[in-house]
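There are two complexes below, and they share chain A, which is joined by chain B in the first and by chain C in the second.
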Partner chain A sequence: MTEMLDLRGGPNGGDAVVGVDIGSIWTKAVFIRNGQVTNGALLRTGAVPEEAGETAVRDLLARHEVPRDEVGCVVATGYGRINLASARKSLPEITCVGRGAHALNPAVRTVIDIGGLDCKVVGLDPAGRALKFKRNDKCAAGTGRFIEKIAKILQLDLEQISQLSVKASGACSISSTCVVFAESEVVSALAKGFPYEDVIAGVNAAAAERVAQIVERLGTEGEVAMVGGMAKNRGFVAALETRLGVRFAPLPADPQYVEALGAALFAQELATGKEEMARR
Partner chain B sequence: MTSRALAEVKIRLERRPREIEELRSAGRKVVGTFCVYVPEELIHAAGLIPIRLVKGGNPDVDALGDHYLSTGSCPFARACLGYKEVNRDPYFASVDAVAEAPTCLQMERVLELYHKYFGVEILPISFPRTYFYAPDADGFRFFMDQLQWFKGRLEELAGAPITEERLRESIRLFDATREKLHRIYGLLRMDVPPLRWEEAFKLVHAGFYLDRREYDALLGDVIAELEAACDPAAADPDAGPDSLPRLMIFGGCLADGDDKIVEVVKSVNARVVIDDFCTGSRVFWNLTGGDTLEELAKRYLTKVPCGSLPYPHREGDPKIAHITSLAKEYRVDGVIYYALRCCDPYIFKTERFRRVLEGMGIPMLDLVSEYTPSDLDELQIQVENFVETLELARMRG
Partner chain C sequence: MADWREGCVVGVDIGSTTTKAVAFSKEGYLKGPLMPTGAVPEKAGRAAVEGLATVAGIPFEAIQFTVATGYGRLLASASGFADKVISEISCHATGAFYLNPRTRLIVDIGGQDSKGIGLTAAGVVENFVMNDKCAAGTGRFLEEMAELLGYELDEIGEVSLRSESPCEISSTCTVFAETEVHALTTARKRPEDILAGLHKAVAKRVAAMVKALGVREEAVFTGGVSKNRGVVKWLEERLGMAFTPLPDDPQYAGALGAAVLGFRLRQ
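The block that comes next holds the complex of A and B.
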């Protein structure tokens, strides 16, 4: 999975750097060498976050046949970022997601980042630095976990959910944002004979409503982009765009890797001793 | 800091339960208080031992409190009942009476239940909720009547009158203590203070339990040590310039032992420099300014108000005025507003504080939590990211 983004001509041509995003469900890693950005495998974070992080780094380097000591720098982010032995630095998620989104589309001023556990809305300054943010409270409604749970009831995988969600003719009403209550609403909707497509559309609409409230509390400015695993759920993205009345700015990359990309870009700055990073 | 004086406070605290036991077997009585509105000076002047019962942070204790209230009640109120049910905490176990001037309904209920289920003698003081609308009118007379009644009840309990002389001594002692705590908190205004806010905050808590005269002397030792540490000659020449973001933290009751948010702010790259908790700076912020019962009444009426009181003062909102002046005085970069779940008064004032602070260019993070550890990661992530935005703002200059 090699991607986009021409970084050639940067100050650090030959240095290989890695950004790892250890999320609550998935661990993602991005590798930059010779201006070329490569996404690593997605792997389940599991019970020991630092192990997932190390494996992600190791696999990526092995795949590119880069010896560990030729890696200029590793930067970790995400919920499991603490204690990653190979990381020179760990940075908060909002910093990395801002950096990644800005590199992909400098016009973006608001990033909606929905992962497995949380939903963050980050307001950026023109340089991609986080100005302000809002996050869901401890309830995981409207996040990836919510959709995963519903997929499980329907015995579908997430790709199927995404495909079906854009085929709905109507949305059945799911009013609960609590996963446990929503589960029983889904079961009863299915019993009433609603097609899967409409049930999924209802679930996406419920999740979008919850996220929209967080977005509205922060307020949006400029171009709005959506990143994180939930950005791959096309029905959800459409529901959120409709609810907010905006069209999300295109990002030329896999949305699930944007935070890791931001971490990798910071790793590059660290490796080349850029001033702002050195101060931190 | 590593401090001999702070270590001494800890030693005295360890000794204190035993000491109280001995005093009680010699006939001295203990009066517990919950809120910061009980004039403890009167308890002290009666020769009784005032102990402030503001403990929290233990979800198992809360679960016991649920039997008397409900899971949908204030975690602190539930803790007050849970501790009494277990009755193994030396302070809760040793109270002969509980005095309380509840400003919220939940604490009023706690007091009723103490009497009903635990048979504890209660001394309820009514606090005039409308005082802040009309500071010089009936509220004052009403509160004076309450204090006269309270004084009488304490005299019965002690079996001796509270003489003017005794009251004067107690007020002077408490004011001296308040002045010392003020001086210690004042040090937090420095770029690099000689102690952490967390240490100053815990030092306030020590006063809830220790003998008040002994506590006052201990604070004197702490100040001497801290001020010596501030001496430029004693400064570490290798210490670089410090540019940590400066935080204010305030909100509802943050009880002794409710350390979740305290540990979180300690772990991040920021420095808490001031609080406005009823277990922190509000304990000592206003001095009495005189040594009569009237002056004492005025002191309690005009304290920086608890969130559960209405405070649209004729002269402006005293809470907002205090918070904004603290933010300036302590050069605050960001504010953490921390409320307990089910604490409506603090939760529904959140947006008001946010608007005022953001109008000063100071961002505010609001958090709602309780005593279960289930949201610890969540708080950590929220605070880390908040501090990060402050850090990025500083870089922008």
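The block that comes next holds the complex of A and C.
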């Protein structure tokens, strides 16, 4: 998957750089060469995060036949970013997601980033720097894990969940916030004969409610964008838009790679000696 | 002997996991069999009262007044077999105080909730805290973990007490704790050490909640989880005090309280 980004004003040409986002569940890598951004190497993080990070970098470069010595700089982010031997620097997710979202759509001032095990809401300044954030990492409600758990009960994959979620004729109400209690509600809703799509819509609405409470604690400004794996669950995105009363700003990229993109952009600055952004 | 049953009042506590019924009169009280609540709480409530009637040797129809409490109490009332509904807080307070009139603090951990209730010297509810929104610090947390590790729910407390170096469980959330347990299992940690860590996590969560009420003596521990000696041990450690043992099954305190309150209403 190759996407062209307008990186005029940024350094063009020269070395290739890599950003790698070692998330709690998925590891993603992005590389930039000659102003061209390439996503790739989506793999499970597993028990040894630094191994997943190295594999992601190696696979991405191998697939595009880029020799290792042409890579000017690797920047790591994500929950497993520490201890990645090949990374020159590791940066917090909040910093990278702001940078990535800003590069994709400079009007964005609020980023909602929902990954496997956490949910972050980040407020950005006009230059894409993170000014403030709220994070939920204590409770699985409103994270990707919630949907994963329900998918397991329904024996569906996440793509099927996304497809079904937009076909609901009416949501089956799931009142629990807690994932464990919601699982019981889902089982009993299925026993009562609710169709899968309505149950999924109910789960998405419950997860959206939880996320909306975090968003409201921070407050939104300007354009709001949603990134992270959960942004691929179309029913969830629609439920959250409805709950918040906003339309999310379009981002011309795969939402799961935005943090890795941000890391790659910082890598580019580091490689070309233009370090002021990355140093913060 | 037949006389005590005349004018006796029944209390039924339809919990999220188990249902308990107690008959009460001025002569004393009688407990019925413990029933699983299952998917239809009002049915479980009725079955528990029928079971109690059998134990008491009276026909179900002879029971003139039934008070329902617990998670399924409104369904019991709607389905017509309960005459009155009283909140869990009042019933637990009354039941525990009846069993021990020196009770000033009740910690109750049930299948899907946990609560703390502070009482005055007269047994009146002074303050309370309750968690029924999150599975952490409830029986459900322990149930999930027992299943994950391949144990029966009623044995994990004993197993946890065999631990000499409990594992650290940093997650509050049940779902995240499961992930931690997977990692600990992969790292070949001993089951008793993992279980001890999990029991300590429950104790930590409940103690934090109860401490907001002010820890005071005498304190009693009720609900199904009070039978888990691991939770008892680490909760006592966290609260810095020992629970006073109740003279009867602590799982029936809510149902007993419902019956006592119903009996007083009828006087």
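As a convention for this text, the second predicted complex is superposed on the first by the 268 of 280 C-alpha atoms of A that agree within 3 Å, B and C clash if a C-alpha of one lies under 4 Å from a C-alpha of the other, contacts with A are read in each partner's own complex, and residues count from 1 in each chain.
Simple rule for what comes next: a contact is a pair of C-beta atoms (placed from the backbone, for glycine too) under 8 Å apart; a residue touches a chain by one contact, two chains touch by 3 or more.
It should be emphasised that the depicted structure is a prediction, and the values quoted were computed from it without experimental measurement.
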| item | value |
| --- | --- |
| Combined model on chain A: chain C and chain B, fit or clash | clash |
| Which superposed partner A:Arg145 touches (first chain B, second chain C, both, neither) | second |
| Contacts of A:Glu70 with chain B and chain C, given as first, second, both or neither | neither |
| First (chain B), second (chain C), both or neither touched by A:Arg135 | first |
| Partner chain(s) touched by A:Asp125 [first = chain B, second = chain C, both, neither] | first |
| Which superposed partner A:Phe181 touches (first chain B, second chain C, both, neither) | second |
| Which of chain B and chain C A:Tyr79 touches, first, second, both or neither | first |
| First (chain B), second (chain C), both or neither touched by A:Glu93 | first |
| Which superposed partner A:Glu159 touches (first chain B, second chain C, both, neither) | neither |
| Superposition-derived comparison: chain B or chain C, residues of chain A touched | B |
| Contacts of A:Glu216 with chain B and chain C, given as first, second, both or neither | neither |
| Clash with chain C (superposed arrangement) - responsible stretch of chain B out of 58-66, 166-174, 274-282 or 328-336 | 58-66 |
| Chain B and chain C footprints on chain A, overlapping residues | 138 |
| Residue ranges of chain A touching chain C (in the complex, touch as defined) | 47, 117, 138-140, 145-146, 149, 176-181, 188, 191 |
| Chain C residues within the chain A interface of the complex | 39, 112, 133-135, 140-141, 144, 171-176, 179, 183, 186 |
| Complex interface listing, chain B residues touching chain A | 363, 368, 374-375, 377-378, 381-382, 384-386, 388-389, 391-393, 395-396 |
| Chain A residues touching chain B - in the complex, by the definition given at the top | 79, 91-95, 118, 120, 125, 129-133, 135, 137-138, 276, 279-280 |
